[in-house]
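First subunit A sits with subunit B, and in the next complex the same chain sits with subunit C.
Now for the complex of A and B:
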């Protein structure tokens, strides 16, 4: 099972993403955006990692979404292959229309707006550990394939534009009905709240990750590659204090999901 | 009255170059798009009782423009663009935190009590070889310059 980690100019999480994917049993390589796009078909799955593609010029993900490699990825997605977009990768997938994949561009990931007690208390870049609650049943989505509804996964996030908004009044209802909301921000007990600091960026319905209708394409703002080993976890985490620094961290389950999805779909 | 500060870079504008390259090389506008330039626009609503808006504009520019790398043109109420370009204004349709912060900073910390509101937008100036340049500019705005779920655009002619 060989995956491609797509690297655009300005991507900066490609190496640790590849390390995390390999730790789950996947093999893979970095795939630079300007390689012949048709070479993508040789891979079983794809990850668009975080960073600042094209320095976030115009708006995050907008320029990368127009690259030929994205047309090739769209074709691979139509074949059912899994794609996971992390942070800037999620932004690229929304700007390209691959997410939520309802035809055209359906959402924007706008600047963070942190609201507490009805007041805006902070805006812009935010970096923190966060907990995600899985909202979909197992096997619904490639990137949460082995996660059950209600499972909690902790991982850090670091972004300025992750506030999911839409001008489509019916979109949220549709995403809920079709089980396309895969992750929501929650507290450590699994309780979802609309306001900061649980909802870290003001995202509609505390959305942290969504998939396409078919479930093979997932985008999420937090970074699973940054919690794939125990050594990456906060000092207070029990998995870290257990002593084995190379033990799996919770984020690895995203990559293990992708691996399992590929095994099942082959 | 409204004071408009049109701010452009003195140094090369990498963002405008990237957008131009994307439109020409990736989106089929190679034979259509001759040139593309970008400005930042601050539209500042101030009390009508202000007696010398040109002087006020210069004082506001000292706070909002970094003259080491930017230059500006100030106008009161109207904006006139140069011939040969279709100006496309792009702004946020959702709340603009940076504009709100600028307004608060000007009023509450820098003593500009006469400032009523602040709007921030980008002006993309497109030189187009097309039968209907304004229609083409609108198409470019919808295909690249905006995400309709957070941005709006307006052809300023």
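Now for the complex of A and C:
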């Protein structure tokens, strides 16, 4: 099972993403954006990692979404292969229309607005550990394939534009009905709140990750690759010093999900 | 430009009208060496290379006199762009440390961003992967007469740091921020970058052996040269005057982390290629002094000359005069010297594989000339020779013997009667701009990118990363300097900065492996400022020498990199002496490292380090009583060494599970921070009588004498006490971790402090955001 980690100019999380994917038993390589796009069909799955592709010119993800490599990915997605977009990768997937995958561009990841008690308390970039609550049943989505509804997964986030918004009034209802909302920000006990600091960036319904209707394409703002080893955890987590340097962290389950999805689907 | 035969005032007028910083005597010595009048581009090249920033003309003698730059673990001392020490037989850590003070005062965002941009290039060009940065920042008084401007600078600097560092993809794992009115019109923005490289894969920033004889190519890589940053090093070597602000803006470089990110990847591809083929290259960043500085130093340090054609250099526009092309400090550029047979493949990596021309308008790699054997530094432009000088004379710089005179300051200790209750005082200190939680700032920083982070800002006294996958070792990083101590005693400011930076890495369990010093002072032409500089260097060198490299007796912790920043002075006066120290600590296994937050109710807490009447420059004196005082904390070298080693050993033996050093705000702030850093459901009960001191309670709690608070693993008390005794340390079992969220201190049977942690947390977390709002 071989995956490609796509590298755009300005991507900055590709190495640790590949390491995390390999820790789950996937094999893979980095794939530079200007390689012949047809080479992509040789891979079983794809990860678009975090960073600042094309300097976030215009909007985060906007330029990368127009690259030929994204057309090739769209074709692979139609064949049912899994694609996971992390942070800037999520932004690229929404700009390309692959997410939420309803035709056209339906959502945007806008600038963070931290709201508490009705007031804006902060804006801009924010880096912190967060907890995600799985909102979909197991097997619904490639990147949460082995996670059950209600499962909590902690990982860091680090972005300035992760505030999911839409101009389509009916979209939220549809995403909820179709089980396309995969992760929500919650507190350590699993309680979702609409306000900062639990809803860390102001996202509608505290959304942290969504999938397409078919479930093979997932985008999420937080970084599972930064939580794939136990030693990466915060010191208040007792699992931090357990096991050796290869001991898993919670984020690895995203990559393990992808692996399981590929095993089952092919 | 005519110099020979003109009178001094005529030469001076000509230099100033050309925008040169050279003195008349410097210009005359250049003409004398050439045996003719120099050209304008030649004068600008000398102006750059002989600036204080590039030549260390005032500081070199002092640095050579005091600093220990060698040691058993040193792989590369301060001669190159970055210093290198060994981690083990295979891996090395690379570190560089610089200031970007003046640019950040004028244009905070761009100034701070280009500061990071420059320092990461210094580390990358050694062949290293850049794995961490740290940012020591000094701003003016956020509640003082210039508060609006101070806050504008502070906000802009923090924005510049995150916008650059986060996009580049290097985690910011350490730093500090101090507000002090001496920085009202001259902030300090220091930057530290750390990298890792295998010992056999270090690349030197000089022309390789044989480069002259075989006519190696000189290649410039990156952004097209423009006029930005022209005069930058000269600007850094003058006092700041408000009337010059408009003119100085042009001397500030323009940052581009996006292009840097792509360049780093292309550089890595180049490095891999040269390793595979066993080809030795020279590689250097274009930083202060631009093209002239990089090319002349690369040639001169190998004993060669250079013949360079500025027409071949890719430029943003074709109408730039030769001195601008040569000396502008356009960011995101590197210089490569390689054998001609490598050139086509090197160009392909940059211009095709990583597609620089399409990624960034005008960016590319261009061959600009050859290394020669004649020892001349020659540049050509539009068919004319624009510069033809001795490369050694150009890069050799000049030396000044500056006069020093002790600064006389009237200092006295205040008379304070000890208050009955210390709770309100501690709350005030915890909410003060300099002690409150740094969270408001570090949440802007990507502390996690690269996925190597083990300990983050706010979790311990130092940040810690595991920078190489499949290896267990960790690199800890901390920075320190207290300007208020510098105000009282430059010598002890230097010594305490070294000691605290070392304590910080020791507090996570790492041993101090190397230090860097970024020395920020006023105008060295003023004898008092030069004296402060020398005193600080003497103090920090004494501390590095006396605190020993662990495992080697009588061997100083080496100082492998650093920077001197003079002229941090405006008409309002000079900054408080600020020898900012960074310490790299190493730990064999990152899973043995500890953090500062309290772990378990019932655990014993030990105080390390007796309390002395040392409150000069303390938070207590300044924040609560509005005075500076006189009795600055000093470093008792043997005691300090024993404390640091004892803490490292006790963490390695898993006897200590939380540690925090005592510094600003004293024992009181340290205890509160240990309780506030975690989930805040644990508290502390401390019995001050255990400190064995007859100081009044307020002095005991707020003295900033060095030390630690340690939480002992359950059942490990006896073994810990044995270990501490072995180092000759007093046993001061000062209290226990409690299960109620409050901090309680008793003294002589009386409760002197009872602080609710949730109340404390509000002030502690709000203090910094209020100061920066």
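Note that the second predicted complex is superposed on the first by the 263 of 266 C-alpha atoms of A that agree within 3 Å, B and C clash if a C-alpha of one lies under 4 Å from a C-alpha of the other, contacts with A are read in each partner's own complex, and residues count from 1 in each chain.
Keep in mind that, in the parts below, contacts are C-beta pairs under 8 Å (C-beta built on N, C-alpha and C of every residue); 3 or more make two chains touch, one makes a residue touch a chain.
Since the structure is predicted, the reported quantities are computational estimates derived from the model, not experimental observations.
Asks: Now for A:68: first (subunit B), second (subunit C), both, or neither, which partner does it touch?
Replies: first
Asks: Scan A:165 for contacts with subunit B and subunit C and give back first, second, both or neither.
Replies: Touch status of A:165: first partner only.
Asks: Quick one: is A:150 in contact with subunit B, with subunit C, with both, or with neither? Answer first, second, both or neither.
Replies: The answer is neither, since A:150 touches no partner chain.
Asks: After the superposition on A, what does A:54 contact: first (subunit B), second (subunit C), both or neither?
Replies: Both: A:54 reaches subunit B and subunit C.
Asks: Contacts for A:124 in the overlay, against subunit B (first) and subunit C (second): which applies, first, second, both or neither?
Replies: both
Asks: Which partner does A:95 reach: the first (subunit B), the second (subunit C), both, or neither?
Replies: first
Asks: In the overlay, answer first, second, both or neither for which of subunit B and subunit C A:80 touches.
Replies: neither
Asks: Mind working out whether A:231 is in touch with subunit B, subunit C, both or neither, as first, second, both or neither?
Replies: second
Asks: Under the stated touch criterion, which partner chain does A:241 make contact with: subunit B (first), subunit C (second), both, or neither?
Replies: In the superposition, A:241 contacts subunit C only.
Asks: Is it subunit B or subunit C that touches the larger share of residues in subunit A?
Replies: C
Asks: Which residues of subunit A are in contact with subunit B in one complex and with subunit C in the other?
Replies: Residues 54-55, 124 of subunit A touch both subunit B and subunit C.
Asks: In the complex formed with subunit A, which residues of subunit B make contact?
Replies: 14-15, 18-19, 22, 26-27, 92-95, 97, 101, 144-145, 147-151
Asks: Give the list of subunit C residues in touch with subunit A in this complex.
Replies: Residues in contact with subunit A: 159, 162-163, 166-169, 256-258, 261-262, 265, 353-355, 359, 442-456, 459-460, 466, 469-470, 472, 590-591, 595, 597, 678-679.
Asks: Given the complex with subunit B, which residues does subunit A contribute to the contact?
Replies: Its residues touching subunit B are 54-55, 57-59, 62-63, 66-68, 95, 105-108, 110-111, 113, 120, 123-124, 165-168.
Asks: Which of the residues in subunit A end up touching subunit C in this complex?
Replies: Residue list for subunit A touching subunit C: 7, 9-13, 15-16, 19-20, 32, 34, 50-52, 54-55, 124-128, 156, 158, 223, 225-226, 228-229, 231-232, 234-236, 240-241, 245.
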